[in-house]
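Worksheet for the structure shown next.
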Amino acid sequence: MLKVEDLSKSWKDFSLKRINFEIQKGEYFVILGPSGAGKTLLLEAIAGIFIPDSGRILLNGEDITEKPPEKREIAYIPQNYGLFDHMKVFDNIAYGLKVRKFAREEIRKQVEEIAKALDIKHLLDRKVKNLSAGERQRVAIARAIVISPQVILLDEPFSNLDVNLKNKLLREMKRWRRELNFTAIHVTHSFDEALSLGDKLGIMMNGKMDQVGEVKEVFSKPKTEDIARFLGYENILEGHAEGKILYSENIKIELPQEFYGRVRVMIPPQNILISKNMIFSSARNNFKAIVEEFEDLGALIKLKLRVNGIKLAAHLTKASFVDMGIKEDEEVYVSFKSTAIHVF
Amino acid sequence: MLKVEDLSKSWKDFSLKRINFEIQKGEYFVILGPSGAGKTLLLEAIAGIFIPDSGRILLNGEDITEKPPEKREIAYIPQNYGLFDHMKVFDNIAYGLKVRKFAREEIRKQVEEIAKALDIKHLLDRKVKNLSAGERQRVAIARAIVISPQVILLDEPFSNLDVNLKNKLLREMKRWRRELNFTAIHVTHSFDEALSLGDKLGIMMNGKMDQVGEVKEVFSKPKTEDIARFLGYENILEGHAEGKILYSENIKIELPQEFYGRVRVMIPPQNILISKNMIFSSARNNFKAIVEEFEDLGALIKLKLRVNGIKLAAHLTKASFVDMGIKEDEEVYVSFKSTAIHVF
Amino acid sequence: MKDNFSVFLASLGAFLVAFLIIPIAVTVSTQLFDLNALIKALNDEVVLNSLFNSIFTSTVATLISLVFGVPLGYVLARKNFKGKNFIQAVVDIPVTIPHSVVGIMLLFAYSEAILDNYLGIIAAMLFVSASFTVNSARDGFMSVNEKIEYVARTLGASKVRVFFTISLPLALHSIFTGAIMSWARAISEVGAILIVAYYPKTAQVLVMDYFNNYGLSASRPIAVILILISLVIFVTLRRVAVVKGGGSI
Amino acid sequence: MKDNFSVFLASLGAFLVAFLIIPIAVTVSTQLFDLNALIKALNDEVVLNSLFNSIFTSTVATLISLVFGVPLGYVLARKNFKGKNFIQAVVDIPVTIPHSVVGIMLLFAYSEAILDNYLGIIAAMLFVSASFTVNSARDGFMSVNEKIEYVARTLGASKVRVFFTISLPLALHSIFTGAIMSWARAISEVGAILIVAYYPKTAQVLVMDYFNNYGLSASRPIAVILILISLVIFVTLRRVAVVKGGGSI
């Protein structure tokens, strides 16, 4: 339904480079990428805030690349929602309907309907200024959905929310989607939004859309090492496999099954066991390592280790970290089962 | 050397409540607490920026509670360092020496000496405005240390730095401490700074200093459940132990050894195994659970589970999360070894 | 914490405050001992006409500055173009030109059209006061996030509609504050009006006439009336601006 | 993206810009056809004296506003006290009082002391221009983080030393910008000076004299000189302020 073809645009110090993707009616497309990837700029091009240097945007087959925003039927919800602070909630939601010259009664009916669906009917007479972040988000979504746009563009709709509220709103967003059945492009840097909401996932880095596909497919088969790293895969090693043995730098790693030739593997950091003494266990991969530094991940401590020439990260709890009294530049032993290794 | 006795102060909506602690010469005291705990206000009271409602501050036995800041010999480095933007680096560092009317030559000598120790000698003629965050931090430390204060107060000195720079500066701070041997109170919400630098640790929450002690002691024996939670311990359960069995709510948990009476245990979330089918393993604690929600921790996914009446958190990698295709409201099986349980 | 240095600074400041407030206080309070003269002035048709002229012209000048200055402020806030710095300078320069010179320049430029008529008074007032409206409007529009304007457009609103329903209302507080300053500046003008339009007589020129013809005391009643009118309107409008804007100006 | 509505707004703005620039352009350019008169004026001792008087008095008024207004701005920025709103109003009110009334008030308050002398000119200028310095100083000090002042004190500096080595230098750009505005406002004043101090003759009053006694053309050479002096000093100082502050004003 919406098709973006070879879209490119250069600024002084950044460019969008030949973006391609297509979404179908009713689809929820999540674009995941680090900050600075150009996600917001891509949304702005689709919304019509600027015109690309080259490439086309097609909506139901029609070329809308140079159409002004007010003629596109694409609603845009920027980060922080872009509410009209000088209006009440009702007038915010009614804005697009008033523009379309709906009758007064019809406007009231539609606004109340959508407000009910989004649980904000009690807020209709309130000033926008005094709303909480979660309420603001709902008003923005209501204002966009009420005009039945072809596509809704959402820019980081769950940032600036605390974790509990975010989880709650994520669950509700899923419900709204089912009930209201809209088509959306949702831009985020947060993995759980992609997993919760996305039908399809695009990975965007440095102005390029590097991979587009089913969510599960993208996560299980990241096309490039950069994507794998961005998706949080640590301990990615490349090497030469001969049967069940991978030769990488100066170490030999036992693989879960037989492979031949160049392979890339990932060892989940929390599956790496740390001990002060050499342990003999069922884990077939045992190495001596030096602790280079450690980092507080909030829930865990991440140890950065050096094993011969290779750097590995391992996670452990604060409690065991303190118990073991691990210090920088110390020797520890690492072990991991071959079955813990992901080969991709 | 510095002793804070029963220090209290009320504002409209916050108060510091009877803070007590004492530090010795050369000691590095880290105060750890969430934002809003009153850590900055405590430092400001010690620096003399405001006078407490009650309580005393003693420096080498002398009551300095009402002394103006310029007479305390306590240097204060606020968050974001508080550099004098209109002066060069040299004049920033020299400020305290000029106030003390040192001779020109002596000032130059001392500034160059400290700048050399902190590796910023090449910056002395630079404008402060153009410095990087790491350089700004060093200038602030140099400016404080050069006047040989009795105590240096550091407010979140490593916030707003990216992870790599932070780790580098943490290492260097340890070196500076050894070489320059200063006494410091360092306030932070970040666990790794406490572990890296602290001789002694104070935990501050809601305006109270809840626990003070050796770093290892505080981490292994948190006095209250709030502190345990703040330190990142999840899955804290209370129950009644009879030998090796803990009865908590509606479930029975096998403990690593015998206990009797009320005990509190913690099950590290990454030691909880998740599977779609019941597995029979050496783990003695096996339960059926419902997935309530999940959350992206960056490196990991945190699953929030309900086991009978009890809520448990478990960590797993994104890769295995996607592989297993876990969804909300689904049933999964959890198991954990009794030896993975911390009793405290 | 009281301390000598703060007291010293406050004392220096107090001198200036005293210097500013004494003339107002003395003038108004001495008039209170001669209320008859005040009442007589308030019944004098010449005085009443001149007051009407002052308020009428300064209000019209302010309205004109709004009609033309708000668009100019919008363009300065939103567009980048060659010569923008020059336009900005043109807006700011009138504050630095002596008022008598302003009058002469206006006569040179617009000659008979503005000589001794309402248009002349309004032109003089507009010249010295427009910058306040333009600069406040510019600041007001600059504080409106452009994203919000684009959101309104994706909802179907044309540029014109967005300007009137989004940009203008959001900048209104700043514009209103600037208009108050323009009005105050306009009604305070004397020098340029003396040259351009001695007639129709404005109250501020009438004060000067009375002073020149009958002396200081004769000019006081109308001076006091002007002070009180200016103060009441200025203070009231500022209050309104504060309440409407929900902030301070 | 060009569009009709932006063109319409720009056109409205252009009217105002034209209205402001035409008088300056016409006055200065017509004088270029009579350079002799300009040169003659520049050799006329009466003109030169009056120019000196204008620049001297407006500069002194600005310096006085700095000496007393900067401390006042500091107190308004840093202290909370009862009556602060009143003091702020006293600072702002002079802009709204007609200049002729200002002159009369000053005579009532300070009478003979300021009649027809430098003091009178300076008093009139100070009254109408002080608010710019005070408000800019206040804004400047408000933008200085108080934490930084406290850091300087923990390094051993007294309050006085902190004021002069930290607060004042950091607020200097804003203060300087305000002082330029004060100076511009001072040299532009006419109405109040006409009443308080017709002598010593300032250039802006001399322009008025020439206009009243010899007509429009006779007053033009000195008007042009005043315009050029005001513009050159105003533009130069603003440039300096921008460069020093590293930003725009």
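A, B, C and D label the chains in the order they appear, each numbered from 1.
Everything below uses one rule, namely that a residue touches a chain if its C-beta (ideal position, glycine included) is under 8 Å from a C-beta of that chain, and two chains touch if they have at least 3 such contacts.
A quick note: this is a predicted structure, and the numbers were derived from the prediction, not measured.
Student: Counting in whole Å, what is the centre-to-centre distance of chain C and chain D, each centre being its mean C-alpha position?
Tutor: From the centre of chain C to the centre of chain D is 16 Å.
Student: Between chain A and chain B, tell me the centre distance in angstrom, where each centre is the average of that chain's C-alpha atoms.
Tutor: About 29 Å separates the centre of chain A from that of chain B.
Student: Using mean C-alpha positions as chain centres, tell me how far chain A is from chain D in Å, no decimals.
Tutor: Their C-alpha centroids are separated by 56 Å.
Student: Per the centroid of Cα atoms for each chain, what is the distance between chain B and chain D, given in Å?
Tutor: The mean C-alpha positions of chain B and chain D differ by 54 Å.
Student: Tell me, which residues of chain B touch at least two other chains?
Tutor: Each of 68 in chain B touches at least two other chains.
Student: Multi-chain contacts in chain C: which residues touch at least two other chains?
Tutor: 158
Student: So with touch defined the way it is at the top, what topology do the chains form here? Options are line, ring, star, complete, other.
Tutor: The chain contacts form a single closed ring, each chain touching exactly two others.
Student: If we use the touch criterion from the header, which chain pairs count as touching?
Tutor: The complete list of chain pairs in contact reads A-B, A-C, B-D, C-D.
Student: How about chain D: which of its residues touch chain C in the complex?
Tutor: For this pair, the touching residues of chain D are 3, 5-6, 8-10, 12-17, 19-24, 26-27, 30, 54, 65, 67-69, 71-76, 79, 87, 89-91, 93-110, 123, 126-127, 130, 134, 158-160, 163, 181, 184-185, 187-192, 194-195, 203-205, 207-208, 211, 216, 219-220, 223, 226-227, 230-231, 233-235.
Student: Report the residues of chain D in contact with chain B in the complex, numbered from low to high.
Tutor: 145, 147-148, 150-158, 161, 165-166, 169-170
Student: Residue numbers of chain B touching chain A in their complex, please.
Tutor: 163, 167, 171, 190-192, 195, 215-216, 219-220, 231-234, 266, 268-271, 293-302, 315-323, 325, 328, 342
Student: Where on chain B is chain D touching in the complex?
Tutor: Per the touch definition, chain B meets chain D at residues 44, 47-49, 68-70, 72, 74-78, 82-86, 95-96, 99-100, 143-144, 147, 149.
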